[in-house]
Structures are given as C-alpha cells and as structure tokens.
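Structure first, commentary second.
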C-alpha cells in the first residue's frame, strides 16, 4: 500500500514498527491538520543509531584555487565585495555555504594598500595566513601584524577589519567562521562600524605581548570574556612549542604531536564555538584511525602527506585544505622521511564539549587502519 | 540580466553589492566546478542584520489534541510504537519534527499497567506531567513517582523508561527533547537497553530526597555530570517556592515572578542543552514585551490568559502549549483578577549562553507593548 | 653538653641529626646575629610527622553556662559591652580567645527591646539560635527573623546588627567566628556603621524566600560574592531535609545522616572560611571513628548522646557545645533508642580545602572504635 | 584599680568600654573556671581597626650571608642535616622560623655530586636559583635542570629531592615554603621516601616542554591538581616575557612591569598557598606606595635600587632578600638610569584571595610617596 506518507519502520525491539492502515492514515491526516504527527512514523528517522553526517570528506587543493583567488582582485574591489573571498562549498552542505558541518571557510586576498571596512557579528571568526607580507588585522582597536602560518582571532562581537600595508605584497589567508552554525541557531547579528574604520588604541601586537608568555600573566590583568585575549598566535613560537613538546611526549596514536591553541586565561578553547590546533607528524609518521563527533577543517601548514578519511585517501601538500566530517574515521601520514609535516585545524569541538555531545572511538580492527575504497 | 544564480546585493557601505556581469558569471561557474563560490554573492544572505527565525508563533490547544492523544491508545501499542506519542509540528520546522527552533515536543499517553522499553540517546529529554495518576520514570536505576505538573529529567546518555502502575489511571505528559538540535549537530546516538527493562537500584525518589533540599547538600555527596542530579522537581514544592519568592520580589517586568529550574550542584541549567523555568503571573498581571535569542516552548500549568507573540495574540488556558521563536517579541497577561497563572517553559537558552550567543532587548516603544496585527 | 639552644634531633634517615659542637654553637651565634639560623636545628620541630593540635577536646555544658550568660544582662549593657557575649576558651588556645583551632565562639544574650549597633569586619560570622523568641539579625539591609536552631550568616564585610523585638522573650544564641584566624593572617579590619543602625531595605526574610528554594533559582538572579546569599537556614526546613534524606541514604559510617549547609549558587561552603553542617544520628546509632584536618565545633541541636574524642568520652545533651581538634579521632553515639539526635557543627573545612590541606583517615583497628582512656 | 586581668577599653560608640568592678572581676573568675570569658574585656583586642603585623620590614644582604652559607658545607653533611640550609628569621617571628608572616625561607647550598634524600610534606615549596651550575630537582619523577634565576615548584604532597651533578659547581638557591602556615593550621604531614631516592620516569624537563608554551596546551592533556604542572619557570623566557610585556604596557604605578607566575591550566597561582611574581623596574623607575594584606618576600634577581617599606629605606642589590609585612606601605626604586632591575617575589596572596581577605589601598598623600623615618 502506497501512502505517500513517510513511515520509518524497523523490526527491532524498542524501535517503532507500525504498519500503515487506512485507519491510521486517516488519523495521520487529522493530526496534520492540528500541526501534529504520530511520533512512531518518524521516530526511527529522527533517532538514528549513530550520527549521519551530510558532509562528505573533501580536499581543496591550493594549486587549483590560488589562481582563481588572485584573479578576484581584478574582478571586484573590496568596497564592492565587502570582502574579496572565495568560499569553500562542501558538496553536501551547499545550501549553508559550509565547508564541513556548520563551519564556513574561504580564501581572502588583499593587495598592498587595500583595506576592508570594519564590522562585527555574532559569528566567531579566525584567519590563518597563507602567503604574502604586510597583512594586518585590527580587533577592537588592537592592531596585529601577520605572517605566514600566524593564527588570528576575530571573536564574536568584536569590531574587526583587515588590510595590507602599502609596503607589503599580495596576501592570501584562510578565513574560518561559524556563520552557518550561528545562522541555524537563529542568533546572528551584523553591524557595520559607524566610522567604517577603527582607531588603533594600543601598541601594535600588544595582546600577544601581554598574554602570550608561557606560565606568566600580566600583573593585575583581568579578562572575563568568552574568548581568548591572545588574539594572535605566532607561527614561530607555535612551531618552537611543537618541537619542544615533541621532546617530552610520545605523541597521540591518532594525531602525532598535537597542541591545542587555547585561551590562556581558562586553558579552554580560543572561542566558545571554535577550537583550533596545530599538530606535527614526525618524519615517516603514520597515525591510527579514530573518529569523533564534531566537524574538522584542516590546512597543511608544512610538508606533504596524506589522510585517509571515511576510507578514502586524500594526498596533500602545503596550503591544501581538507575536511573530516563528524564521526568519520580518519588517520594521517607524513610522506617525508626527513621533514616533519604540520596540520592546522579548526573545528566545532567546543560546541560538542559545551553541550555534552563529544564522543570518540578508536578503530579496533585491522591494526587501527581503515580499509581503503 | 537573469543569471539563474543567487546574488544578494545591498546598497549599504560595508555590504556586498557586486553586479553580475558575463565575466563574473563565467568566473562563478569555474569556482563552482572547484566546489567553491564567491562570497560576495551570498554574504548578505548568510550575514543577516538580525536573526530570522524559520519558526512561527503557534499555539496547540489541549482541547483539540487531547482526544487524539487518547485515541492513539486504541490504535497502537507501546511495543509497536516504541513510544505512543503525538508530536507537535511547527509549520516552519516540519522537516525537523520541531515544535520551535531545534526543540522537539510531543504528548505521550500510557494506560495503567503499560510500560515502554528502556533506551538511551545523546539527545536530552524532559517530561512535564499533564494528567493521570501512577506514572513513573526510571533514570539510570532511580525510580520516580509522578504527579501533575511535576517536571522530570531524562538527561543525555542516561537509560530511561516510563510506565504507569496497574493501580493508576491513564496518564498524559509532555515530552521535550533536543533531538532536532543533536541531529543537526550530527551527534546523536541511540541504544536500546540490552534487557529492555532496568532494575531499580535505589529508594524510590531518592534523588529528589537527596538533592532537593534548600541550602543543603548531602554530606560527602559528589556529582560532576553535566546535568542535574535532581531528576524530579515536584510541583507542590515549586508552587510553594513561587509563592514565597513572590513575597520577596517585585518580579520581572517581562516575566512576572519567574524561577529557573537548576542543577543544584552548579546552579546552572538542568541539562547542558535545555533550560526550564516556571513563572507566575499574579492576578491581573500584564507584562511588557522583550525579545531574546533562543527558542521557547510553554505549557500552561495553571490559570488562563494570553500572550502576544510577534504581534499576534494567543489566548491560553491550562494545558495549552505555545511557542516563542528566537528574537520574537513576546509579552504575557493573566486574565484572572483573583487567581495566579503559571507557565512552565523549556528552551535552548543553555545553548545560547554556552556558545556566547545570548542577546536580549526590551521593547522601547508604546509603553513596552506590541502593536497587534 | 648543655647549649641553651634548641636542637631537635631524630635518628631517622632523611631527618636532621646534627650534634652540637662548640664550633657549631659559635656558628649558630653568628647566624643569629644576621637574623638567620641553621635549619637542621629546628627542621624536625617545624616538620612534624603529623599535625599536633594545641587544642584539647572539650565540652561546655549549657546547664553550667546558661545562668552566667543570663546574669550578664544585669552586669553590662549592650551599649557598653558592644556585644553582651560570654566566649569559650579552649585551654590550649586561651591566648587567641579560640574555642578550638582558629575558631572563636561565644554565647550572646539579648532582652526584648535591646539591639546592638551595626558594624562590619573582615572576620566571617554565624549564629545558631539556642532559645527565646523575637530575635532578628540585619545583614546589609536584609532583616531576618530567628527561631531556635535557625542558622544565620553575617559574612565577612557585611554590615550587621542584632536585636530582639519588644514583643519577644530573652534570647540566647551561639556566635561563631573566624576572628582568631583572620587575626593571625593579619587581615582583620573593623568598622562601626556611621549611623550605628542600618535601614531595612527589603522585605523581611527576602533572601531566604529568594534563594532558599530546592532546585529553583530566581529568574535573572545573579550573585557572585564569596558567600551564600541564603543568609538564613531555617530549622524546620533543615530538619525536614534530614528526614527526607534519611529515607534515601544509608548514611555515613562516621557521621550518620549528614547534610552540609551550602551557598546555593556554588554548592560550596556558606562562607569562604567557615563551613557548617547538621547531622542526624538515628535512634541508637553509633558511628565509627575517623579523623581529619580542620577544627570542629558542635552544638547539640536535639537529643542526647555522647562523642568519643581523642579517646575520651563526652556525654552531651541539647545545647551543649563541644569541639574536635584537628586530626583527633572522633565518633558519635545517640543514647536514645526512640528519638533521633541532631548535631549542628561549624568548622574551618573550607580553609583546609581551599588551601589543599584536607586529609582524612578512618580508624582501622578495633572495629573502627577508639579505645577509651 | 589594678585587676591583673586584661581589659581593652575604647571610648568609641560600638566598641567595648566596660570598667572593671569588684562584682565583674568576681564574675570573670567564675567564667574562667568554666573555660569561658567575657567578650567585652577582649573584644577591642581581637577586633583591631586594621591588621597589626608582628613581622618587621627587614633585609638580608647576600654579601653578609653568602660566606656563612658556604661555610655550612664544611660543618655538616646533607645526610646529617637533612637539608643544608640557613633559614631567615624575622625578628618578630622567630618562634615560627618565619621570614615574614607565615612564610619560611632559607638558603640552601650543595656541592657537585651531593644529593639530598627524597621526601614529601603538606607544606608547599619553591626554589629560586641564586648561583652555580648543574643543580637539579626531581618532583614526582620529573627531573629538572636549574640555572640562575630559574623558579621551581615542589608542591604540597609531591615527592621531591635536589642535587648537583658531578660536573657542576657549588650551587646556592633560596627555598620558600609555607611551613609556618601549615603548622599553625595544624595540617602538616611529613614522609621520607621509602627508597630515599626517586626514579626519574620522564624526559628531563618534560613538564616545562609540555606545559610551558604560550597559548598552547598539549592535545588531550588533562591536569586537575591544585598546583601548576609547569614545575619550572626558566629565567630566559621569563625575562624575555617581561621585555615583551614592557612594550605593551605602561606598567603598574606600584610595581612597574609586573607578571605573575601562574598555573597555566587555571591561570591562577602556581600553588594553592603561595603565589609568585617577577617584576621589572625600568631604568630610573620609582613607583608609588600602596599596601595590601598578605606577606611578601622579595629576592633581587637583577640590578640595584631601594625599597621604602613602612617608612624605612632598604637599599638592595642582586641576590639580596627583603620582606614586606601585611598591610605595610611599600614602594620601589631602580637606582640605575641605564639598566632595568628585576625583583622576584613570593607571597601568600593565594591564601588572602581564597579566603576573601585580600584588600589593597594606594597611598593618597604626598604624591603617593611615604615620608621616611
């Protein structure tokens, strides 16, 4: 009998398994008229046995994208475009402009002397510098100078703007935001700065100089915002930290030598909705597979190798971007026997953790390695 | 020129405003082939000036639903149905089986002697008892007896099951869950209890007797789970608390005498994703309008009155259920001059707060009252 | 050789064991002239193997003290005395006016119509009502009515004053303070209220009505002080809580059915330096012995029995006060087979816990019971 | 009339002011027999208007102490002495072996090839390296190499031992402990390690390499102890941090460019009872006077200058140690116009803060500078 109605039945104790009958179908029609429905027709659909991600594992290769990003300079001005950005579309998430799960990402380009106007929004943002010299970001009056592999925050609710000094060179960076998440949670606000530009009210890079010191905090310093006062994490110090930590740890079987960027005041995530990490795969290192809830977007900061995600191999090199959807198995390999490889990652782990939804699992079979398609 | 592509332009400084040209359209096609897009074509869409809820204000009247709920007893067994529940569909959220925003709600009915099998899931759940005698819930081996207007938790990850004693009468309660949220965050897991039924391992109502005492905590008691150990909040004590508090407060201009159900260990929300409150509107009280992020579902626990939500009046009486979508203006009125009215509410405020997305605003115009449609 | 100098030697590996020699004694003299000394002469003294309390176990019987307390009414006025209080002196702590460890306690008496002037200090205070009707306390403008066995806070830094209504009867209560601790930590400040009397700015008993409700918190209520907003813990509710909790617990082997008074916002101690609890010994209950760091002062709120403290038995009845010094073995017994006995206690456990100094140990020998002297 | 009894009277409203009479003196005798007393005779003594420190401002000059410290090597062995330490006696605190308030400090010396046996205690300890090469400390199996101005923790309850490598040179360091505090709180325990020596179970300096990285935390790293996992704070990095921070701050008017050593997991103090800081006085800098509760012990890590403490000037140079008692006015000056001066400090601020007893005040008069005696 074809009812035209959905009815997700499973023949398992404890699951809904009600056959459609004419009487029931009539009953369903009555419920629908009251803006109601019978749970048992949809229960098995809305209570899956495990997460079903609508994102697909995916890689965006920089050699493909770079020319297109640079070409946008000729095609649109920052003034007209707002921001001159090419964003990444996960094939399963196009309707949300998401690269994976509820995370947005794009590649932004600016030429020397250009600057974008200041604005703020409920979405949280970060950038990871890919190439060029002279880029800067201003966050709530704090100006930061930027170099390759620097990681910068523009947290929710902060006024922010970007530019490249006249003396610089064309710059490209990756933007990461939780715009899709904040939209779907129906909580996004947007404002253009009344002056379109912020005044710089502090010494350049003051927040990094104040809050970016190991085991030390400014005397009398207080900070109770939901995000890190350390707006900029410099690559040089981060890479040095990874090398130091590598001397003291065996590393994670799943992630090699991994460090999480943190809010130094709480040692929690850098922002309430977005976490970030940098991990080093030692020469020749091949990790084992695990999976966890939460969506991940990686950028290759250094080196070359591959990741196997959901059973499919993705080879990567510096500046490539790839994603791991929620609950997808993944493992990484460094293809060099002499150089380390470093992966930058941002993710929605803080959301998973704050809401009690984080879960992880190691792959037990096959020595911890996925069979590949 | 009709391109077939979306392009959300706004003629406002700081917003995207790029006209389609043949060259750009060709460029967009190239980007699409790379699973990428030009941000300026969608920026104004994905960065709205303020939240746009896809839920509509809505009331479900108990006099309409009750007979249908009771009728389901004849139509399906708990065994076949899993749970015998009529769920509420917000017209704007049917695809997610959501009553408002990312919150699910349904009305469940059980007859004396019936019981549903035990299961657990990543979604968090609550119930609010509407009518009948002899209902009980078992959560991780703790059995609770239930009466009208009692509020019960079955937190994420806990084994739980419900039933009605042989000596009882037909019972109806409201279920509230964050199933849509946990699904869209791709983090839902589901398990049927291996024995289909739990053993009761503690004195009946032990958690309420242990954790539900004002200003006192069990000696040596420790609790570090993400949810309240006080699984059941009894109506009698809750109503007494509201009356006591009413003697000490002027009340909120927007909500009258309102108390939040809390996790007594943290004084935070009862669960990490769902908050709940009970508010008393004093005889004749009319509140002023405000709005905030987060989605709300109310049940009238006592009395009669109306709420104006998004400019539309909804009259309610005991057991009616209505919703306030995110960022919708709302105000409440008690239509009785002699009796108080009480509104139970559950919501996703903990999500808004944990993620730094809570914002509220009072209506400044018209004496704080909405013009009605 | 008699040196006149202290030199604490122990013949144990890892402990100091240096014999005095003329050369060393001369060296010690030189050090002394530089305001210095040789650690090995005092190391074993200042690093004992376990705590050595200078307090002794002690009981103050109400039948002995009551008449003296009442007599003070004839002898001094509240105006002259500041407060008309008889304080308790532990024989080992007389120089600090301490009842045990660093805790002060006294019995205060007031007649109807009397009131003491308002003041504040860095010391934290509490009172536990012993007898009489019509007593009240005002804390930062919040007035509280008091009855027997009510427990009231006047936290550090709050303006406070006490009195008895004209319509009342002579009232006696126990004061508990950390004055000795705050003095020895060199942090005590004292101020007399500029008007000598506070204005009452809130509904009577408003803090209890607002914050003293089980599992409920005032909507929008915020509290971030270091002490509980629930200034008064009423006996009736406390006793009811004990009886409820007794239905759900087997109790502690050392303390019977014990509940801790808490700050409902943090579920931590009522004040940062003083904790308090109420415990019920069920009819005929005899607990086992344990010991822990921290000093305890008990008042018998109900019933009769005995405690064995440091190997010595102390029989008690209602209103008697006794102490347990730090690291002293102690166990309790209810001498009635039909009635419960209740012990109120305040202590410096929050100090031990905040500073990482709490340690406890159960008595392993003799079935957990101390041999008595 | 001479009574022989203490009676602290003040002729101020709200203070005790009861004249001795024969009747009262007899009454006091009766109370004394009951181990009780009349509060009004001692109230003004035990409730001072403001803290009265029994410590005196004091300096210990290294040029005076160094030779005596070195001479102890000839006089006692580490085995006999336990630890070969010259401790500092504040003239007002000799009975407690305290350098200031409840803080102990000593200078320890070890020759190459020497090692002290491992032990642990409830007291918290730190060391600050003064001179020599090859010193090391082992804490719970983690070995740390030490150089001048390095700051090392041996927290309460951890097994620890010290030594100097055969290849090193004679080493002197300052020990800082809260022994007097833990003793007076009657909570000190002491144990000698069963093997007298610990096995080293980790890479040398692993804790610093793991936890001492700015804005980064080890992936998956968890730490919930009450003290910092960063056991060693290296001078080179600390001094670099001060210089960086100096570029971003105007400094404190009272302390110049000051940073607090922190537990990187909580950003709170390094241990629960002892805080520490390093401050830089820029060339020619003279700070203003303030005072606060809590006791401070300084060591001059670099440069020369003076401090005015309680109205008295103390000139200092590298390695000198001086103290600031609780609530004493103090201000600092760098006497060089070309070089910075650095002051290491440890204190009991965490105790003041945990117990709600911290208070501070700036000197308002005389341009913020103390008149000198």
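Letters A, B, C and D mark the chains in the order given here, with residues in each chain numbered from 1 onward.
Going forward, a residue touches a chain if its C-beta (ideal position, glycine included) is under 8 Å from a C-beta of that chain, and two chains touch if they have at least 3 such contacts.
Labels paired with UniProt names: A, B, C, D = Gentisate 1,2-dioxygenase.
Treat the numbers as computed from the prediction; the structure is a model and nothing was measured.
In summary, no chain was found to touch both chain B (Gentisate 1,2-dioxygenase) and chain C (Gentisate 1,2-dioxygenase).
For the pair chain B (Gentisate 1,2-dioxygenase) and chain D (Gentisate 1,2-dioxygenase), the distance between mean C-alpha positions equals 53 Å.
Each chain gets a centre from the mean of its Cα atoms; for chain A (Gentisate 1,2-dioxygenase) and chain B (Gentisate 1,2-dioxygenase), those two points are 29 Å apart. Not a single residue position of chain A (Gentisate 1,2-dioxygenase) touches two or more of the other chains. Contacts between chains, counted with the stated touch criterion, involve the pairs A-B, A-D, B-C, C-D. If you check the complex, the residues on chain D (Gentisate 1,2-dioxygenase) that touch chain C (Gentisate 1,2-dioxygenase) are 12-18, 23-24, 27, 30-32, 34-40, 42-44, 46-54, 58, 60, 64-65, 68, 71-72, 75-76, 80-91, 96-97, 101-102, 104, 106, 117-119, 121-124, 156-157, 179-180, 182-193, 196, 226-227, 271-273, 293-295, 325-327, 348, 351-352, 354-359. Those residues of chain D (Gentisate 1,2-dioxygenase) whose C-beta lies close enough to touch chain A (Gentisate 1,2-dioxygenase) in the complex are 202-203, 205-207, 209-220, 228, 230, 233, 237-238, 240-241, 244-245, 247-249, 252, 255, 258-262, 264-267, 277-279.
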